[in-house]
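Shared chain: chain A. Partners: chain B in the first complex, chain C in the second.
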Partner chain A sequence: MNIVLRELRAHLRSFLIWAGTMVFLIFAGLMKYSAFQKTGEAVNEIFDSLPAGLQAILGMDAEMDLTSIGVFYSIFFLYFLLLMSVHSTMLGASIIAKEERDKTADFLLVKPIRRSRAVTAKVIAALIMIFLFNQITFLVSAVMVGQYNLTGVSLTGPIFRLMAILSAVQILFLGIGLFLGAFARNAERASGIGTGIILGTFLLKILIEINQDFEGLTFLSPFSYFNAYEIMFDGAIPFGYVVLCIGTAICGIAGTYLVYRKRDLRS
Partner chain B sequence: MQIFRMELWRSLRSWVYYTASLIAILVIFLTFFMTFREDAALLDELLQNFPPEFRAAFGFANVDLSQIEGYLSFIFSYLVLIGAVYGMKLGVSLLSEESRRKTADFLLSKPVRRDQVFLAKFSAAMVCVIVQNLLLFAAGLALIPILVRESYDIGIFALLSFSVLLVQLFFIGLGQVIASAVQTLKQVMPIALGVVFFFFIIELINQSLLEKALTYLTPFSYFKGASILHLHGYDTSYLLSDIVVFLVLTLLAAWLYRRKDIHAT
Partner chain C sequence: MSASNVIEIRNLTKYYGKKSRGILDVSFDVMEGEIFGFIGPNGAGKSTTIRTLLSLIYPTSGSATIFGKDCIRFGHEIRRHIGYLPSEVFYYDNMKVLDLLKYSASFYGKVDMKRIEELSTIMDLDLNRKIDDLSYGNKKKVGIVQGLLHNPKLIILDEPTSGLDPLMQQKFFDLVQLENRKGATILMSSHILPEVQKLCSRVAIIKEGRIMKIEDIRTLRNTAYKKIAVSAETDLQADFAKMAGVTNCQRIDQEVTFLFKGNVNDLVQVLGTRSLQNLTIEEPDLDEIFLHYYQADA
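Right after this comes the complex of A and B.
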């Protein structure tokens, strides 16, 4: 318990910076909604005149109102994915690897607890932080979108579904980060590899988008698992990918315990 | 000179990784141009029917992706992102590395002035990014003819290619300021990635609107493929603001570094 609290306090400052950044981006993004709405009206008309086949190619269906706040908000999904993947991976990597970097590994591990308990405390602290990050995003989004939403139909439910999906991706990247923290030689290396994974999977998403031959590789890029619009408005949740996220995370966390138990920690 | 050489040596490993990744990404994307162009031609024909506002809102840049120049500008919008991460990492790590390695007292007790230390580190960073960009450019020159087998405008390619450097300069400046303003930075990558993605997302938000004033906020808006293709050069006001931001931030970082209270342990 002490370790959990200690970790939460140690990450408080960086957590506040992340939360502030998120709030700012949601705010800045929604500020532009009014301008988007103006251009959207003209587009709606053109769009309705298109044959259904073309609409399908563009990935939209006929009832989709391009000027609605809900559709506009679904574009934010990618921004959330980018920020949260970095936050979770780096948090996971540093929470494990920082003891050696800060030369506090000997202090922590001479305490009368097993190594696995220290890892458990760190995993719990990290889970609490990604959950809070998710909830802050949810609350700020729900309130801000509510301000702009004049349709009378509440969007809180769809936004909540989107956040639930995001938490699966957060847990996935946290699992990867934790494993890297235990596995890599030092904190610097762990965050370096983490960066490579984030940028690499993001570029893979782009590759899949421009080349259908790569669709078979979708499972490798968490950025292309989910379609925000479908999750929010069709209620279509691809459970396979959710299971894949959580399964990978569990493997990562299990790997963290295994590696960390035998790790030769330099003090 | 010693410090300069030491810094280069220290940066070598990550420099190799990033340079190789940039070139690899260029190659991978180029390989798919031939298969992609037919789809792109169809899509482009389709998009011609839409007003520019629509294309902007849905992220279809105003370029013809079935042309090699348009496709290159699409690739470079991502190479710039990777390059920016490297620039930011370089800027942040150079000035904060000594405190992390607990070697600040070793370095700063040498009979050199802080300004000289700063200058050595700064020059090392410049060499890293300039050589990186020259290699990326050379790789493109050598490989585009092989992978695409089509004539293309070398001038446009050069402009696109060196836009990576220009964006990197912005982030090196910013990284240096952060590193010299904060007492001790425990980690580089979370800050580097966080800041770069922050600016990248601002650019994504900008993209959905055609409002020019806000584009000055993020370097990712400065050297857009569409404008390079259109102007056959860089937009002067953006180029100027990029350079000015870089110079001002670097001078600010040098000033902060000179008066920074650096702890020995």
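Right after this comes the complex of A and C.
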């Protein structure tokens, strides 16, 4: 418990920066919506004329009615995915690797605890932080979207479903980050590899969207697992991919324990 | 294990990767209640040995027991009774000294504020400062206090005095001796012979990963070499080179230096018959002593 509290306190500042960035993203995004709302149908025509690749990068597709607040908000999903995957990976990697980077491993791991207990505490602390990050995103979204929503049909339920899906992706990337932190022996290298994975899987998503031939690789890119519009408005949740996310995360976390338990710690 | 050994190290070998040597076939025991010195130049393998004992790193082969238990398998149980001061102290920077000490104490059960205050008073440590504002020496003090906080039965000190001024060193030695009198066993590494001579009852000498010698400090002192330098108008090299007990006799300009082992009266007699400009007699540094061990082995 003492390690969990210590980790939460140590990450407070960076967490606030991440949360602030998220709030700003939602705020700024919805500001754009108010302009779209006023412009009306012309907006859809502009975005329809964009090339497919660019639409994929922006996270939209041709039939979307961007003047509807719900549809507009669903585009945020891709940005949430990016922000949260980076946050989770970095958090996972640094929470393990920083003890050696800051040379505090010689403090923490000469205490009368097993290494696995230190890892467990760090996993718990990281899970708490990604959950809070998710909930802040949810609350700010629900309140802000409510302000712009003039249809009388609440969007809180659909937003909540979206957040539930996001949490599966967060856990996935946390698992990857933790494993990298334990495996790479070096905080910089761990976050380097992590960034590479995020960038690579994101580019794969774009590739899949502009070229149908790559559809068979969908399972490799967490960014193409879920369709925000379908989750929000059709209630369609692809449980297979949720299971894949959680399963990969469990493998990553199990690997973290295995690697970290048997490893020499750098002084 | 023999009832009186706190640490037993058997053929401990550690390679980093395939080629990089850490320690080779290290074996020695530390008896209950003694202050054991572990001495060798930088890079000899002192920290490697100590970090293996604490299971921060894992041995390539060989084993070690502390309190009769394997130091890897029962590491977490053993460490409850170990206080450790690393050679370089690093702590969570944005913490206050007091918070760090409380955090450290929280791993051993109840936080004993009296003990924190008592130790920091002895070491003259300001509890309210932030760790990142502390000088190297002050960080070292934090390390000392947090290492002794839980009244450990075994205290492991890796180069404890580096960064401490002489006054603090003395206070620290007093503190270590006090803990020792209260029953703690102490293993202390150093590359400075006099400080080991001052505190320890026995020493192990390590060089390039191997234990060269394990010796009672009194024996070491009796076999101790003196490093002599004399300057004179005339060339004295020939006079000393042939004397019994003289080794490494060298002459640079007017100064003749050599190591002397034996009855100092013999040396003083010879010196007394010469006209000298200058004379210094000092403790040889560790490398020079090792040089001797090497020559003895060859």
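Note that the second predicted complex is superposed on the first by the 238 of 267 C-alpha atoms of A that agree within 3 Å, B and C clash if a C-alpha of one lies under 4 Å from a C-alpha of the other, contacts with A are read in each partner's own complex, and residues count from 1 in each chain.
Keep this in mind: a contact is a pair of C-beta atoms (placed from the backbone, for glycine too) under 8 Å apart; a residue touches a chain by one contact, two chains touch by 3 or more.
Here the structure is a predicted model, which means the values were calculated and not measured.
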{"item": "Combined model on chain A: chain C and chain B, fit or clash", "value": "fit"}
{"item": "First, second, both or neither for A:27, with chain B first and chain C second", "value": "neither"}
{"item": "First (chain B), second (chain C), both or neither touched by A:131", "value": "neither"}
{"item": "Chain B versus chain C as contact partner of A:110, first or second or both or neither", "value": "second"}
{"item": "Of chain C and chain B, partner touching more chain A residues", "value": "B"}
{"item": "First (chain B), second (chain C), both or neither touched by A:219", "value": "neither"}
{"item": "Partner chain in contact with A:102 - chain B first, chain C second, else both or neither", "value": "both"}
{"item": "First (chain B), second (chain C), both or neither touched by A:6", "value": "second"}
{"item": "Touched partner set for A:188, first chain B, second chain C, both or neither", "value": "first"}
{"item": "Chain B versus chain C as contact partner of A:264, first or second or both or neither", "value": "second"}
{"item": "Per-pair minimum CA distance [chain C against chain B, superposed on A] in Å", "value": "8"}
{"item": "Common ground on chain A, meaning residues reached by chain C in one complex and by chain B in the other", "value": "102"}
{"item": "Chain B-facing residues of chain A, complex", "value": "14, 17-18, 21, 25, 28-29, 32, 35-36, 39-40, 42-43, 46, 54, 57-58, 66, 75, 78-79, 82-83, 86-87, 90, 94, 98, 101-102, 187-188, 191-192, 194-196, 198-199, 203, 206-207, 210-211, 213"}
{"item": "In the complex, chain C residues that touch chain A", "value": "16, 47, 51, 54, 56-58, 75-77, 79-80, 82, 84, 86, 88, 90-94, 103-104, 106-108, 146"}
{"item": "Touching residues (chain side chain B, partner chain A) in the complex", "value": "14, 17, 21, 25, 28-29, 32, 35-36, 39, 43, 46, 49-51, 53-54, 56-58, 78, 81-82, 85, 100, 186-190, 192-194, 197-198, 200-202, 204-205, 208-209, 211"}
{"item": "Chain A to chain C touching residues, read off their complex", "value": "2, 6, 10, 102-107, 109-114, 117, 262, 264-265, 267"}
